[in-house]
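Letters A, B, C and D mark the chains as written, and numbering starts fresh at 1 in each.
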Amino acid sequence: MLLNLTINGEQRSDNVDPRMLLVHYIRDIANLTGTHVGCETSICGACTVLINGSAVKSCTILAVQADGTKITTIEGMAEGDRLHPLQEGFWEEHGLQCGYCTPGMIMTAADLLARNSNPTEAEIREALEGNLCRCTGYQHIVKAIQFAAAKMRTSKAA
Amino acid sequence: MFPASFEYHRVSSVKDALALLSQFGDEAKILAGGHSLLPMMKLRLAQPAHLVDIGAVHELAQIQEQGGRILIGGLATHHSVETSSIVKAKLPILAECAALIGDIQVRNRGTIGGSLAHADPAADYPAAALALEAEMTLENPGGKRKVKAADFFLDLLTTAVQAGEILTQVSFAALGAGTGGVYLKHRHPASGFATVGVAAVVTLKGTNFDKVRVGITGLGAKAFRASSVEKALAGKASDAIAAAASHAADGVDATSDTYASGEFRAELARVYTRRALEQAVARVKA
Amino acid sequence: MAVVPKFVGERIKRREDPRLITGTGQYVDDVRLPGMLTALVLRSPYAHAKINSIKLDAAQKVPGVVAVLCGDDLKDKVGSVPCVAPAEHVPYHPVLAQGKVRFVGEGVAVAVASDAYIAQDALDQIEVDYDPLEAVTDPEQALEAGAPILHDEFKTNSVTLASVPNPAVDEAMNKADKVIRFRIHNQRLAPVPMEPRGVVARWEPGYKQLTIWSSTQIPHLMRSQVADMLKLGENKIHVIAPEVGGGFGAKLNVYAEEALISHLAITLKRPVKWIERRRENLSGTTHGRDQIVYLEIAANKDGEVLALKGRFICDMGAYLQLLTPAIPGFSGLMMTGCYKIPALAFDQQMVFTNKMATDAYRGAGRPEAAFIAERTMEAVASEFNLDPADVRRKNFIAKASFPAPTAGGLVYDSGDYELTLNKALDQIDYNKTRAEQAAAAKEGRYIGIGIASYVEICGIGPSALLPPKLKGGGWESCTVRIEPDGKVTVLTGVSPHGQGQETTFAQIVADELGIDIDDVTVVHGDTALVPYGIGTFGSRGTTVGGPALMMSVGKLQAKMKRIASTMMEVPPEQLEFRNRTIAMASDASKSIALQTVIEAAYGYKTVIEGVEPGLDATSFYEPSACTFPFGTHVAVVEVDSQTGQVKFLRYVAVDDCGKVISPLLVEGQIQGGIAQGIAQALYEEVKYDEGGQLLSATLMDYAVPKANMLPHYELLSTVTPSPVNSLGVKGVGEAGTIGATPCAYNAVLDALKRLGIRDLDMPLKPETIWRAIRDAKKA
Amino acid sequence: MKIAGEQILSAPRQSVWELFNDPNRLSRLIPGCEKLNVLGPDQYEGTINVGIASVKGVYDGKLKLEDKRPPEHYKLLIDAKGKQGFVRGSGTLDLEARDGSSTIVKYAGDLQVGGPLMQVGQRMIEGASKMMLGQFFAAADAELQAAAVGQVARQGILVNFWRYLVRLVRSIFARA
């Protein structure tokens, strides 16, 4: 069936099988492979993208359910060569090792920072309930998100 | 990870959805947020032939206050409940319960109607719905009917929602003066579900309990009202909490799984009931 | 090198990251090839069953399906999944089951289709007629008479029995004030890299060339084994380990699918992709640990430990993967830990059970050893009512004793164990925390302080220590090429997957050659590009790969100095690399631009005798010995006595991994390691029921810790360079894990000490703790 | 998985025994049972269609009765499998006369449940089995009572479940 949506600002129209999951649409039809699959049970969060600004697990949504929405994936975070503050934060603070969970982490953090511009360490850890990382032990991820929060607050104030 | 084929129907009204349900009967399933159904479909444990997507029935997502009651549409996401100014002001315990469901991503997508109708034995909402004496509106081709929370949860994954019906609204009485509620859960370390979750809503008259309602989830096959705890507290002061809470698991065939035995779950139910009641009382007094 | 390093030792941002934070890295599942098909594997739901028949025809008829095969179709076409470690009984291990299945998750059939949805439709149509057999999942029961036998040909479930006897141990047991005995179970764990495994294979018939993209830690070793399995020349197989989303030992292996998917690509003449699903990952990718030890400790009242004796029962699972029976050896050899325990004896009984094979998992044998050593210290402290910190001090190998031979026959390279203990206790303010603990106890609260000092073995070392069948040793390779434009390409045999050698190796090269770090590119994980290498595991990337890099850099430095010396007419030994020049050490104004030397090497207009054209050097570094990083972790926890829940109040780690190339990356390795160590102590457990059903088959049940389940780590360090290699590095990939498990465990047990609780099984789940408290209070 | 429990059925022991040995009637009591054919003496094969919420599956299996001691005891061996998993194991059934008109049924079993269903739903398997047992005994009780008044409860569980629902709906509307 016909699916119309906007992904990272680009309008698309594709014919998809209704049973196709959104994550497979993003990866295999839209060819945006930065969104990953890490589990089958909506736990790991590697597939997190934004739908109309809200973080969601794209493995637990049918592509057809996203009809008419605006989707942002990790590929849509930077503006040209200018990294998003969260991307900068993960780089500055060594918030990633193997990098597989990173896109999902960044998308969830984007939702968190949209709601709470100055989260505490405890709030960040709680917000990451739906994202697993096996490499970092999370501490540098927390710092990365704090870095981004500070930077976004400053640029907002300016 | 790869659902079986099905026919997809997107509807824009409850009426259309009900018509499809009666047309396809048992072969059709309602798709709201999809966070209960799609996980089963991905593993091919559920293979409905028809999916009726009600996601576009926007009026079902509304949260409003009417005549002293808070009306929450079945499609309201956990996130919208968690952040609704109406819910935060009038039913703070429900907002807190919603905030403890799953994770940010799940809360952005999962719906109150989907969660209640699925009746996972470890879901959070049923405990709060029971303690808040919620009333569910079920629509069928013949009209609407209302079911009280106490009559809604029938068994494991089984509710009063009949084949061909849709849960369209959940209604709550706003918490009045002298009333406070708390929801506490022991989160399963992997799934995030409630190993045990306890919602306690208390109304005090002076220093004594006027009304106590305790909803417990996770302990058995379905969420339930801990009536023996409630009875034990009737008219008593808060020093009766510890003794009353010891009845939290009375008469319940407690679930065992790899994480927690029934015996441990029962103990968690008692401990969390006591703590929830104590904190609820503290809230009223504050 | 006289010049002050500009990059080494600095917190350099990783050069891997720009692609990973923008979603442009390429993991196996991101490989897209024209005409590519997708394969899915049907797996056994039974732990032990005879296969009577498999009906594939309905599956083959599903539209879009290209092929459906089962084990019998592959007989004599694909060889056994290899185990290179020595064992008495090494079973035939087919890539898809033949005749019998032996664990839940064993591959039974494969469907290849135009996409995964259709492949799954096909799997649903396959009918397998099984005859269930009795299964055995407990390794001790598996050894009993009458237990179901997994591999009939051996007539026993014993894989092998390895004994290291020592009469001195019995003497010590006789003369000690006390012999303490207890049982330890290091439970079965799943490595769970966030990226599951995956394979893409492409066959180019015209060239008879096979390309395999695999999420592996060992591209070359895997190539050698797959070549054997498929009977292809190694020069006809090109293996690429693209971006690899974590390994933790689980990808230090050769798996059925690497050969199976290659075979399918060859026979179908189309590229085939297989991506592991998480349930397959939890059931069919190697597990770790699952080791029981009956421990005997001979100790004196003053806390001195005289001898250790261990009887190990090691659960190997149903088949032997690449190194399965080799892992427990490290636990035996290292079980004396940082302590000068003079006598050690152990035997290790390895056992087949109806479970997935165990193999390396972060630490591979050393976490078990450290756990034994640290439980030993705690047991002695409890027995004689001594402070656990003092017992450790009493038994530590003294700083002056290095290089220190151990009872396990190893020689520890360098160390100062007491320094890390003291530093950690200072940081936590030990005496004050003990006082707070006592005050809290008076309020009925349960606070515990856990200490663990560890030493581990890295950079596993002379090749003689590795199994002969591995087709590779303990060495590592590296090519360094200075390109004509002055940019440097490093081609390393290690295969990092998160460790960050693209950054650390660039730091080293930039400093050595006096160039900018941005001029260096590090290439890895591609057998067509890099020299034969051993790969990344056992904390060897920098420890063994680093010195190989240094050797090649050294060769190029010498060559460039010779060229510069000819051009400058200065003896080469008076020259050094400095800020893109080669300059006289005594007079920096006398210099020649590096680029001029490079152009001379490539242009070769002036022939220098004994100097070949070009600037390309390859080296193979064979370590003379292993390295032994160490440290002390201290945790403070509070236990909720009513719910059994554990809350961390502090976590302090003092680690010494020798010289540090990148403090930032070292922190990252330690933090991630601690998380996995705590996970073993408190959360994770692969659980099979008695019939062999896997009960922790999804991440809904297997509790990989989340951010809110882990503490904030306070990291400190000491630096004791290793004398073994030119960089002075010791390795850091596994240290955190090895220290953290006993530390977290000891903290919880310390909290419960006043109830008389001394021994609980891991993971210390709330229910385990609650039961122990309840029972103790009843008693 | 070990299950054990007891249930009181309102019929004399002999009637219960007869019911539990009659494949035709049993097939109406087993939740979702689509067929139950006699393979030989005390051996049956059948198909059940189990559905709890959206999770549905068809299971084919064999059932064997052993160690029969009428009218009080038998052992039951079960081996059933479907696309989503399998159930195999054994159990015992003991009937004790409670009084002239009712019987205590004691059951104990050790079941192995495996396959995808178990992998994904281990936390609910126990609850699901209890629920199905509950349905079975409710249907059995209704069957016995109907038989007692000379009726045949033709559709076993479905009829009973429907009656239950009708009662429930009535009670809800009565309260509203």
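Convention: a residue touches a chain if its C-beta (ideal position, glycine included) is under 8 Å from a C-beta of that chain, and two chains touch if they have at least 3 such contacts.
Values in this document were obtained by computation on a predicted structure and should not be read as measured data.
Trainee: Hey, which chain is the most central one here, using CA centres?
Mentor: C
Trainee: If you tally C-beta pairs in contact for every chain pair, which pair wins? Let me know.
Mentor: A-C
Trainee: Would you kindly tell me how far, in whole Å, the mean C-alpha position of chain D lies from that of chain C?
Mentor: Measuring from centre to centre gives 50 Å for this pair.
Trainee: In whole angstrom, what separates the CA-based centres of chain A and chain D?
Mentor: The mean C-alpha positions of chain A and chain D differ by 48 Å.
Trainee: Based only on mean CA positions, could you tell me how far chain B sits from chain D in angstrom?
Mentor: Centre-to-centre distance between chain B and chain D: 30 Å.
Trainee: Please tell me the distance, in whole Å, between the geometric centres of chain A and chain B computed from their C-alpha atoms.
Mentor: Here chain A and chain B have centroids separated by 28 Å.
Trainee: Would you give the residues of chain B that are in contact with at least 2 other chains, written as numbers and ranges?
Mentor: In chain B, the residues touching two or more other chains are 1-5, 43-44, 190-191, 258-259.
Trainee: Mind pulling the residue numbers of chain A that touch at least two other chains?
Mentor: Residues 17, 19, 37, 40-41, 43, 129, 131 of chain A touch two or more partner chains.
Trainee: Could you pull out the residues of chain D that touch at least 2 other chains?
Mentor: Only 83, 116, 120, 122-123 qualify.
Trainee: If we use the touch criterion from the header, which chain pairs count as touching?
Mentor: A-B, A-C, B-C, B-D, C-D
Trainee: Using the touch definition up top, name the residues of chain A that touch chain C in the complex.
Mentor: Its residues touching chain C are 17, 19-20, 24, 27-28, 31-41, 43-44, 46, 73-75, 77-78, 83, 87, 90-92, 94, 96-103, 106, 121-122, 124-126, 128-129, 131-142.
Trainee: How about chain B: which of its residues touch chain A in the complex?
Mentor: 1-8, 10, 31, 34-35, 38-39, 42-43, 51, 53, 55, 79, 102-106, 108-109, 190-192
Trainee: Report the residues of chain A in contact with chain B in the complex, numbered from low to high.
Mentor: Contacts found on chain A: 1, 17-19, 21, 37, 40-43, 45, 48, 51, 54-57, 59-62, 64-65, 67, 108, 111-112, 127, 129-131.
Trainee: Given the complex with chain A, which residues does chain C contribute to the contact?
Mentor: Of all residues in chain C, those touching chain A are 13-14, 16-18, 20-27, 29-30, 32, 115-117, 192-196, 243-246, 248, 275, 277-279, 497-500, 664-665, 667-668, 671-676, 698-700, 704, 706-708, 710, 712-713, 736.
Trainee: Enumerate the contact residues on chain B facing chain C in the complex.
Mentor: Against chain C, chain B makes touches at 1-5, 44, 186, 189-191, 258-261, 264, 267-268, 271-272.
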